[in-house]
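Comments concern the structure below.
In order of appearance the chains are A, B, C and D, and numbering begins at 1 in each one.
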Amino acid sequence: MADRGRLRWFVPDGYLPAESSHGIESHEAACLLNVSDEEARVTFTFYFEDREPLGGIRLTLAAKRTRHVRLDRRDELGVELPRGVPFAYTVESDVPVVLQHSRLDTTAGGYTLLTTIAYGE
Amino acid sequence: MADRGRLRWFVPDGYLPAESSHGIESHEAACLLNVSDEEARVTFTFYFEDREPLGGIRLTLAAKRTRHVRLDRRDELGVELPRGVPFAYTVESDVPVVLQHSRLDTTAGGYTLLTTIAYGE
Amino acid sequence: MADRGRLRWFVPDGYLPAESSHGIESHEAACLLNVSDEEARVTFTFYFEDREPLGGIRLTLAAKRTRHVRLDRRDELGVELPRGVPFAYTVESDVPVVLQHSRLDTTAGGYTLLTTIAYGE
Amino acid sequence: MADRGRLRWFVPDGYLPAESSHGIESHEAACLLNVSDEEARVTFTFYFEDREPLGGIRLTLAAKRTRHVRLDRRDELGVELPRGVPFAYTVESDVPVVLQHSRLDTTAGGYTLLTTIAYGE
């Protein structure tokens, strides 16, 4: 009960809308929190409906820091995810962290947000 | 703790809005993730406020794949759910999976989204 | 692990917006699912920031049914909750059920939705 | 199982939008519920992407009360959080409580809401 997070997190509903407006791109963020004293090495794996998973995407999260990883930014993630395509992802970490998944969709001329704490084990 | 999901998931707030706009139908999606090496056989049961449950709706989810099942599409689900009526549903699987429930409501001329990881056991 | 729900549920963020538009009242719903073979007797207690709790509000939920209880309807709930005031609530049940909390806010001329599975014990 | 809450809660996705409209400021609320017979002493710690955590922010939550703590109000929180900057936070309590995190974003001329029960341990 002193873990302060979990080592594996699951997000079934990933989606980067194809359209945007208001001068801000529709996007998703994988928001990670590491309250421990150690840097966390995290690995993302992306799952699709009709192709093999895209795995082995490694990032680090400093001790006592949050990081809101934009899933639409190749320069942050190291890979480019397709827009307009359903996907899912998991995050595995070597120290306990917490993952919350959020989306901003600006397709229809306004903002709409969604969020949920991911499923953790 | 190596399950990577659960075998039973519960979503109490199902609702397919009766109206739509923006050229995109208001809808819900049951987003499933199967990170295992085996195909998952999942069974949906829909519950209503004033009638018997509608059960035995079987789908498959390939190994290492996600599937975002549109609840408003008879061709995906095998049954047609009523619009404008409160319902709920459960998903049972023979291998551990994760379920996230999402809705897009375009009734009022813009988009609004909701999501939550379902309750799992 | 065969409970198919929990006996106590907690929702800290209750709020009935004071304003509405689009011909639909801003509202919240406590969406309950009872997959068991027995009727569930549930008790709602509402908590406020600056006054005593309002408890002992009893409803029933038939076996194998869902019920999306509108929190803004005195005729459904038996009490009238104030609008424009932060509150919270718990639901206790004599058989395991699942609770998801949702809000539709139409204050600003469009729709916005929020939802979460409640915290259960 | 009679705890009626948890002692530590985690919210990875904190964000106070820099812009507002509709005469209502974009904001977040940490919605706490204390159903116990004792006052809860809670401590907030805020985490950032590129600076040291801001900790030791103490508030009280009376017995059998909710409190929806506005994160954008210095007079409620005792500190001023930056707008337009990703952050995260934890809440530690000396008696079990429940935390739900919500945001209202009015940047784009309408309302959009998000919410989730926090991750608790």
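Going forward, contacts are C-beta pairs under 8 Å (C-beta built on N, C-alpha and C of every residue); 3 or more make two chains touch, one makes a residue touch a chain.
As the structure is a prediction and not an experimental result, all values here were calculated from the model.
Counting the residue numbers that touch the partner chain, chain C and chain D have less than half of them in common. The rotation relating chain A to chain D, fitted on Cα atoms, comes to 90°, given as a multiple of 5.
With each centre defined as the average position of its C-alpha atoms, the distance from chain C to chain D rounds to 21 Å. The distance from the centre of chain B to the centre of chain D, with each centre set as the mean of the Cα atoms, comes to 30 Å. Residues of chain A found to touch two or more other chains are 110, 112-117. Residue ranges of chain B in contact with chain C, taken from their complex: 8, 10-15, 45, 47-50, 52-53, 86-88, 90, 103, 105, 107-110, 112-119, 121. On the side of chain A, the complex with chain D involves touching residues 1-5, 22, 29, 31-33, 35, 64-68, 98-100, 102, 106, 110-117, 120. Of all residues in chain A, only 110, 112, 116 touch chain C in the complex they form.
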